[in-house]
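Each structure below is given as structure tokens.
Shared chain: chain A. Partners: chain B in the first complex, chain C in the second.
Entry: the complex of A and B
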């Protein structure tokens, strides 16, 4: 492997450790929520299923349902429409116009509705800005909460995005420095001296270090990809697009996005009925062989209406084209990349970012792989922090950080699962689920902090938090059922296979937490008493 | 952290690897719109710098942390910074 001079290795080791110490706990929070977000769609389907599984997210009659909704939408909001399937297969449609807030930031304001693709009835209708609509979200709220935590840590824009962007860079630094400091990487990815764990403090520390290096080394390419793509997504929205718009478009972000996506057709404001969307959907499906993942319609009921179908990646492809239709005539206009009117290096590389970050390029298989690798990354972050603090446990300040690591390490998953406990009752009542979930999250985080302050032995704190997590996990399927969710038999009859599958996963995770309490395993951290002896 | 002399103050390296590397990466990204080729679709000069920003920052950061020649590193980063600041200033004026 790489042989760096000793002073450079020392510097890299310091960078590796200090980047983790300074930002590791927040990074751990982003990674843990990111692991959950891999299955955001499945979580939404599980938490808010319809009466039965939806085979076709855009059934015949979608056009009629959208026109019925349009009839209730003020003309000012009919500038643009997008629609796509969400929780349970509900078709989420948003008629809106583009505005700028006081700070010049583009915002969307309009009328959003959820359409049941089984009955084509409007299930919910709300009006407001995109942010306000998200705050009052109900069916997709649980998944949204996890995504918001992962993307912004629930910190307002642009600070939340800048924060997660910096955390992405910290992860990039940890991955690169981790790669460079391990001189015997090939040997270390096969080394796990579990038997040493039983031989006193040094042995336990060595076994823990082996486990950290083993998981971290196998995970290095994945961590690098996640860190790079994650910081790209955060910085692009918070800083990259506004900066480039300032340089090339005098600060007009809308103009820049229009230029990047593809130049619009000549503007024609004359009123003209939009062609049959069902026919365009059928044509797009016939051309691609798949249902679109997202549909955008610009200039509803105008002569210059344009409909763009975004298609999911197929087969081994990581990127996918978009189909553009003339909205007034319904005629197919062109196939184009997501960015630009023709293939380009920038467009191709930008296309790669989403599948590489979300792991959704090969269905459930790639998602499961991304989930597992993300879980390993969370373990690497947590075990790295534990190692760093344990090695310095003689100092009071580091012992305090060790306590904080236990609080966040075990308390955060507990608080996240507790949010689901708040979601189900809130969805049944008038309470806004997002508010109820945030209150529950803060309450459980505060209780965990109190436990971390009061319980002297960290092993005991860990056991308590794991026990609470196990109880929360095991109780979640029951709570879902009590709050009107379908039972397993009914779900299977309605082909809602994701409902019992996720219930079983939660139960298995709860049992695993109980097993961890009873059997801390050989990969344990030595206690302070052991270190002193 | 200084390789040549362990008693040398750390703050010049921190200043270079921290705020200066971040500022330089931001200016290279924004300035990239002016000198990168537009590509087949006419968007590469806008998209590529945003895509490359994490990599630009990481290269500057590790260079600033690991180099033995701190003065040379300062000269390089300041040259990049000033060149892009000048180009951006002319574009925005």
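Entry: the complex of A and C
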């Protein structure tokens, strides 16, 4: 060990603590956005519903609608097509080809369209690269914003993915180290001395410590699962796939993915009409009993066309099967795992990552559960950061950091809700929703930072930010209605049950924030006066 | 039987055991200054009983139900501790 002068040791300790807290704040941001992303599909449906609920995302006539779209797509973009249902049940179809940008990064470029499954009319049509299309997205933009924040923190590739991957590892380290340092985990798993919160600074810290340890202990297995699977997703895209491609495929990521997913069929570039997609969809549905979640068609109108149906997990299974059809004849070829042609341990483990991370394996129940567990993880992260900074609140530097923790802890949910306030008016106008939401997010983050700088007492800052969050939550259903969204009665008549349900949840969350303002709860932090006395 | 039904079926006995373990927990009672009670269910067999439905779900390969049972047991355990602290 290096022997350092005392003042240098102090400085290094401060840097060590500050960097850990800053990393913790970013981790908190990833967790909070992850909690919202569990319901990304429901958020998209709520923010952009169609006239009525869509019973069947792939109705009879889907084939005809896709062929009508294909007739408007330049031949160069007909290399590949995928389609799947998203916001409001709209069928999103993307005819594209694979290119490489100036930096050698794989890019998809083509024509995307949204098809109304109720009328089979094309609602929107855009052309460009996948990134450009996402920037100009309208109906799915609110959900996309949340997902992008969670996956990359809106930092460009590959740095955003690397950052969230590192944060996932930090969460993993926090879960394991928390387990190891907490010697009485089982013995104290029911201990919460809430009553001590009102008995001076020491009592408040003890109650806060209990609340943090308790949430962390009960949430430990899921923190581990979410952190591990989250890191897997971030590192696989940012590092794993390019590294493997470099080693084994001379940098050709497309060739590597083709090899991993399954051997490509013999290439046959002759023109041949693609078989009826409606018939293939009906066959896939008859075999599996469910509608596919995603459909991919390689080599549209070619003799070697191949259609792959990705199906959701069913029954007692967590893994999702895929069906492969010969695109030219429409004949069923095989059921295959997502990776490789035959079931394997590696393929099964890779297949488990998505349901374990997204919690989407058993409908709304499993999603609600993942939401609750994610919320608990966010609570653990925030309470841990608050405890860490408040325990050192005698020092001015740490008091500043405690302020930053309050700013991010309460300001981030506020800024995220504010993005929805920017989304609805932007969607009605010519403004790009993604840009409007980012501007709103930064504006609210800046305003809450200003409040954090100006307000002396942290408890007061907490109350103000909670009040603003409550107002934003309570106002959101009203704004949705004012911007042309359906009212509750109309939504119920159109079987759009998700619309009033999410409105009610927002109202309940707003009322809960108001209750939190009145109740100090177990996370009451001692004031400076209490600490000094 | 659907995964949701299986989950709820296995959750019920786990909740009863959880309630017993929480209500008699000596550390919790001491910290809340409640009188100590003779445990009706010793801790080790209690924890084993708590985990039994999950082991059965895993043994029968009911993976979605196992994950939901685990998540619900953990979430409700956390909630129960919060409620017992309020009551006290």
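Here is the rule we go by: the second predicted complex is superposed on the first by the 510 of 533 C-alpha atoms of A that agree within 3 Å, B and C clash if a C-alpha of one lies under 4 Å from a C-alpha of the other, contacts with A are read in each partner's own complex, and residues count from 1 in each chain.
Methods note: a residue touches a chain if its C-beta (ideal position, glycine included) is under 8 Å from a C-beta of that chain, and two chains touch if they have at least 3 such contacts.
These numbers were taken from a predicted model, which means no experiment stands behind them.
Asks: Just to be sure I read the superposition right, which of the two partners does A:22 touch: chain B = first, chain C = second, or both, or neither?
Replies: In the superposed model, A:22 contacts neither chain B nor chain C.
Asks: Where does A:504 make contact in the superposed view: on chain B (first), on chain C (second), on both, or on neither?
Replies: Once the two structures are laid over each other on A, A:504 reaches no partner at all.
Asks: Look at A:8 in the shared chain and tell me whether it touches chain B only, chain C only, both, or neither; answer first, second, both or neither.
Replies: Only chain B is touched by A:8; chain C is not.
Asks: Contacts for A:279 in the overlay, against chain B (first) and chain C (second): which applies, first, second, both or neither?
Replies: Touch status of A:279: no partner.
Asks: Could you tell me if A:362 is touching chain B, chain C, both of them or neither one (first, second, both, neither)?
Replies: Only chain C; A:362 stays clear of chain B.
Asks: Give one of first, second, both or neither to describe whether A:341 is in contact with chain B, with chain C, with both, or with none.
Replies: After superposing on A, A:341 lies in contact with chain B but is clear of chain C.
Asks: For chain A, give the residues common to its interface with chain B and its interface with chain C.
Replies: Touching chain B and chain C on chain A: no residues.
Asks: Please give the residue numbers of chain A that touch chain B in the complex, ascending.
Replies: 5, 7-8, 11-12, 14-15, 168-169, 172-173, 176, 227-228, 231-232, 235-236, 239-241, 243-244, 246-248, 256, 259-260, 337, 339-347, 349-350, 353
Asks: Using the touch rule from the top, collect the residues of chain A that touch chain C in their complex.
Replies: Answer in residue numbers: 184, 186-195, 214-215, 218-219, 221-222, 313, 315-318, 355-356, 361-363, 365-366, 369-370, 372-373, 376, 522.
Asks: Write out the stretch or stretches of chain C touching chain A in their complex.
Replies: Touching chain A: residues 3-4, 7, 21-22, 25, 27-28, 31-32, 43, 47, 60-65, 67-68, 70-72, 74-75, 77-78, 81-82, 84-86, 88 of chain C.
Asks: Using the touch definition from the top, list the residues of chain B that touch chain A in their complex.
Replies: So the residues of chain B touching chain A come out as 1, 3, 26, 29-31, 33-34, 39-51, 53-55, 57-58, 61-62, 65-66, 88, 91-92.
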